[in-house]
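Look at the two complexes coming up: chain A is in both, with chain B in one and chain C in the other.
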Partner chain A sequence: MTTQAKEPWAATRLPYLGALCATFCQKTRAPGASYFEVLPFLISITAAFLTLSGIVLAVYYNPWHAFDSVQFIDRNVNNGWLIHAYHATGTTMIFGLTYIYLFRAILTRSYRAPGEWVWMLSVKLLAVLLLTGWLGYVLTGGAAGYWSLFNASNVALSLGGLPGAVGVWFFGGPAGGGTLARLEVFHVFLAASLLLVVWLIHASRKTIAAPAPARAVAFYPYYLAQYFAALAVFAFIFVVLAFYAPHLGTSHFNRIPAESLAVPVGAGVPWYLAPAAGLIGAFSSTGLSIFAVIAAAAVLYALPWLDRSGANGAKGKLYGFFIWVLALDVLALGLTVHGGCPYAATLAGVFTAWFFFHFLVITPLVTAMEAE
Partner chain B sequence: MRRFLAPVLALSLLAGGAARAEDTLSPLQFQSQGPLGTIDKAAAQRGYQVFESVCAGCHAANQVHYRDLEALGLTPDQAAGEAAAAGGTLDSPIKGAAPMDMGGAAPPDLSSIVAERHGTKYIYDFLTGFAPAPGGVTLLPGHAYNTAFPGGQTAMPPALHDGAVTYADGTKASAQQQAADVAEFLTWTADPNLDARHQIGFRAIIFFGFLMIIAIASKRKVWRASV
Partner chain C sequence: MAESAASHATAHGGSRRDFLTLLTAATGAVAAGTILWPVIDALNPDAASEGAAHLIVNVSDIAENTAKTVQWGGLPVTIRKLTAKETLDNQAVVPSSLPDPASFTDRVNAGYPSFVVVIGLNTAVPCALEGDSPAEPRGDFDGWVCPCDGSEYDPLGRVRKGPATKNLAIPRYTFINAAQIQLG
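Up next, the complex of A and B:
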């Protein structure tokens, strides 16, 4: 009531305030939205948090002595270990949130019209996040990151034509100090574009939001209270991880300084890169691996059109079951990277095959069948 | 020079404090382990003594400086004394002897060895894991059999012996006790902020735990008013 009384005053003096107040105080939202609707907000908060902690780390980081400078941050910079733990845990959290967000979008089929654009931006978010995350993991200068970079840059340099030229430009040569200095720039640039993608997701979600129902509520105080509750739960999980498992799901090989004559035994990718690494590891040929990554992104992009149920078609239980199977499949694909299982490559091939089978065969058939 | 002076200096470390003998072996326990663990400073000081007189013969801990030892309870003068004995200053890293070739393997820097390998308990298991090679195992030249080391063969010879050092606090310096103390010391060098991390974390969890309860309760109250 008080806000409505103030609105004309504020609106006449500073129109932006009026718009802000309208956003927060007008009854535009359907009551009873799920807590999962908060995920994009939490992703933005985490992205901002990663940016801030990343700025502090970048001040002390030295790509020419990558490992030693990270050790310096951990041991000799005041509270550097804390900022490092925040950055590492922020990474874990933003990947966790994004994986859950994408899974829920598939499960609730929010990618269907008019949500295609939001869905494609969300896939782009994951793609940018994977690349940024990989660069961050390489920048630590640990043995695992070094050999991952070694493989990636050698593949890039071995490619011919335009991809090879882009690879040479991106990496600037095989793994070394100069390469890390470049990759630091790209890490920062991609982080900035990540913020842009997150903002675009917000904007497009707003555009396609359903018109206000008859019994609508305002953001303030109803959804503000819900967002705050979600943020508090998020912060609780965050501090538990940041203080008790700051390097959760990362390889202990990355705590060893990179050594160009000693290859660590076994893979050292962090958990959030594991499904992508599994996809790459499923093929023995480099060309096929690159093709598989592009194809995986393509089928995810194409999901709104692979789903044949139409914008308002029925959501069947059978397809819901297959979506859960897909989640297990992606999880298993990630696990193939870590275990010392002798059949890991074969299993990765099977799980990769199922991933594509799900999107290219099961999705069109089952959704079309169930929509009838 | 440092090899002879270090034990003498380390002897004096605990003399001033209320030092008393410890037995962390029965049962084997590391105070640093667990969510509320803190570094056992007495054990870490003893571990430093073992490190200086035994391990530093081959290994370095270049990420740790003598000034850092103040975090283990040494006074600045004591830390400076340790540095001087090694021919350095407070700001010198803890260097080992000149790197030597151990059957083709270079002794690794031990600063972060606990994080690099499999934790505190593994370091203890490794240091106490030397045994005669079982029948059927042919050792590589210059290698020793070790039950904890992956593959069973390590280029490091058994280094700890009963009574090789004398602890100032009266703790019995068995080889196992030395191994446990060095493991605690190396846990500290790998994660010098462990105490602060656990303490701040505990408070943060209490704070955010309450905040979470209040936030959820307030959300429910606000929404109840809407209906």
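Up next, the complex of A and C:
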């Protein structure tokens, strides 16, 4: 372990430190890795950045006067507007990176053995992100966030049996200061578990990485330079968004305070929640919506086993085409949430049906066919 | 690559890679600092808290022989304007005869000797003092008296009669001009 050689003082006193680094440090790698291999690194950087800005926001945030405290941060706290913009843009970026990362894993079919565990962690990452993102959106205390919480908590409180009990436990009552106070804690807790999931993804990717070939390339300085180049591009996009469109793709109604007797018309969810919201909106019954969300997560989890091509089977062009269709389908599912299209519910139903059809029928059939 | 870098290093006393590494590290340090500074600065007090922490008090409306008490940092800060007689009387007191010896110049600002700025809390039990206005009880030394334990202070805030043994505390303050004091 190189870490022990470099830091004998710390490593001899806490050997775990060296072992910890060894779980994710790859000293040498095969040459010619894609720039997309940098995505988990960028996700970690963004997660750390969100934690940093989130700590500052948590210092001044007050769930009992949510909207006013956000206004206080924007107007009175030193650089508060910038920290708020950082947090909002960090959210946009981490969702963007995660969606691209998951899509690439499906496209390159890296979820196949031995990548199942990394894939399942990645799905978990998206699930935790979606919940954390929704909580953060609700915590702003704006009109759109309030009505999102109002609907979700009322539905949860009206359910019977175990789902109802979980709903009561989670929300603790209808939308209000008390609900936001506990959701703030859940937001922070989920953000911490997000960091753990990101860490596990790094460690698992290291474990399944192919052994470095004879002509391996040292991470330092060659791959580090690649990481920095990717980071520079990422930072540029981040800065442009943070200064010119910090609240990209979120409802304008979140700029006005929540009013319990005035329902904002057409207040959509932020873009990063849109596909999940489309999935929920495709069903008129709450039970079916909940079932659909769980089922969507389940089919994503099961993807390594739904793909019948085997670990080293050929990657056919037809299935590749269907993966791009799936991407468009998820995009369209998200779009059904926004427009005032009269057929939105029907379209959401069609797109949801295609989502499940893709994973449950096309995936096993086409991959088995093409692997032969 | 490494060999050629090493040969450059020996030829020119510093390789191209050393320069690039330094440049990258320096740029990275500047970037990290630029990102971190707003985050750290955001935890500094905002302008309103900063203003409250450095309260400016108007003292031009204080009549001679009366005091005005303002709240600052959770403490009652008492500002008293001395009469000429009080000034002379207290300058004449021998400090070593007092329970907590302090001279006239120890207790007032040299530039504005008619103002006494003290924290109006008894030093034995923390109890707000009486005697800001001549109508209130002021004790035998015409200063302040504690309604809780009967400790007495002179107009400079020096303890004269127990159970208190310490003079009234003096907060950190500066005279902006003859009419304004900034606390903190």
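A few notes on this one:
One rule holds for everything that comes next: the second predicted complex is superposed on the first by the 344 of 372 C-alpha atoms of A that agree within 3 Å, B and C clash if a C-alpha of one lies under 4 Å from a C-alpha of the other, contacts with A are read in each partner's own complex, and residues count from 1 in each chain.
Everything below uses one rule, namely that a contact is a pair of C-beta atoms (placed from the backbone, for glycine too) under 8 Å apart; a residue touches a chain by one contact, two chains touch by 3 or more.
Worth saying up front: this structure is predicted, and the values here are computed from it rather than measured.
In the superposed model, A:77 makes contact with chain C only, not with chain B.
By the touch criterion defined above, A:56 lies against chain C but remains apart from chain B after alignment on the C-alpha atoms of chain A. In the superposition on chain A, A:243 makes contact with chain B only, while chain C stays out of contact range.
Of the two partners, chain B and chain C, it is B that touches more residues of chain A. In the superposed model, A:85 lies in contact with chain B only, and not with chain C. Applying the stated contact rule after C-alpha superposition, one finds that A:34 touches neither chain B nor chain C. By the touch criterion defined above, A:256 reaches chain B but does not reach chain C. Legend: residue contacts after superposition of the two complexes on their common chain; A:229 is shown touching chain B, with no touch to chain C.
Shared contact residues on chain A (touching chain B in one structure, chain C in the other): 82, 221, 228, 235. Per the touch definition, chain B reaches chain A in the complex via residues 35, 63-64, 68, 111-112, 115-118, 192-193, 197-198, 200-202, 204-205, 208-209, 211-212, 214-216, 218-219, 222-223, 226. Residues 49, 52-53, 56, 59, 76-80, 82-83, 86, 221, 228, 235 of chain A are the ones that touch chain C when the two sit in their complex. Chain A contributes residues 31, 71, 74-75, 81-82, 85, 217, 221-222, 225-226, 228-229, 231-233, 235-236, 239-240, 242-244, 246, 252-253, 255-256 to its touches with chain B in the complex.
Chain contact summary for the complex, chain C toward chain A: residues 17, 21, 24, 31, 35, 38-39, 41-44, 46-48.
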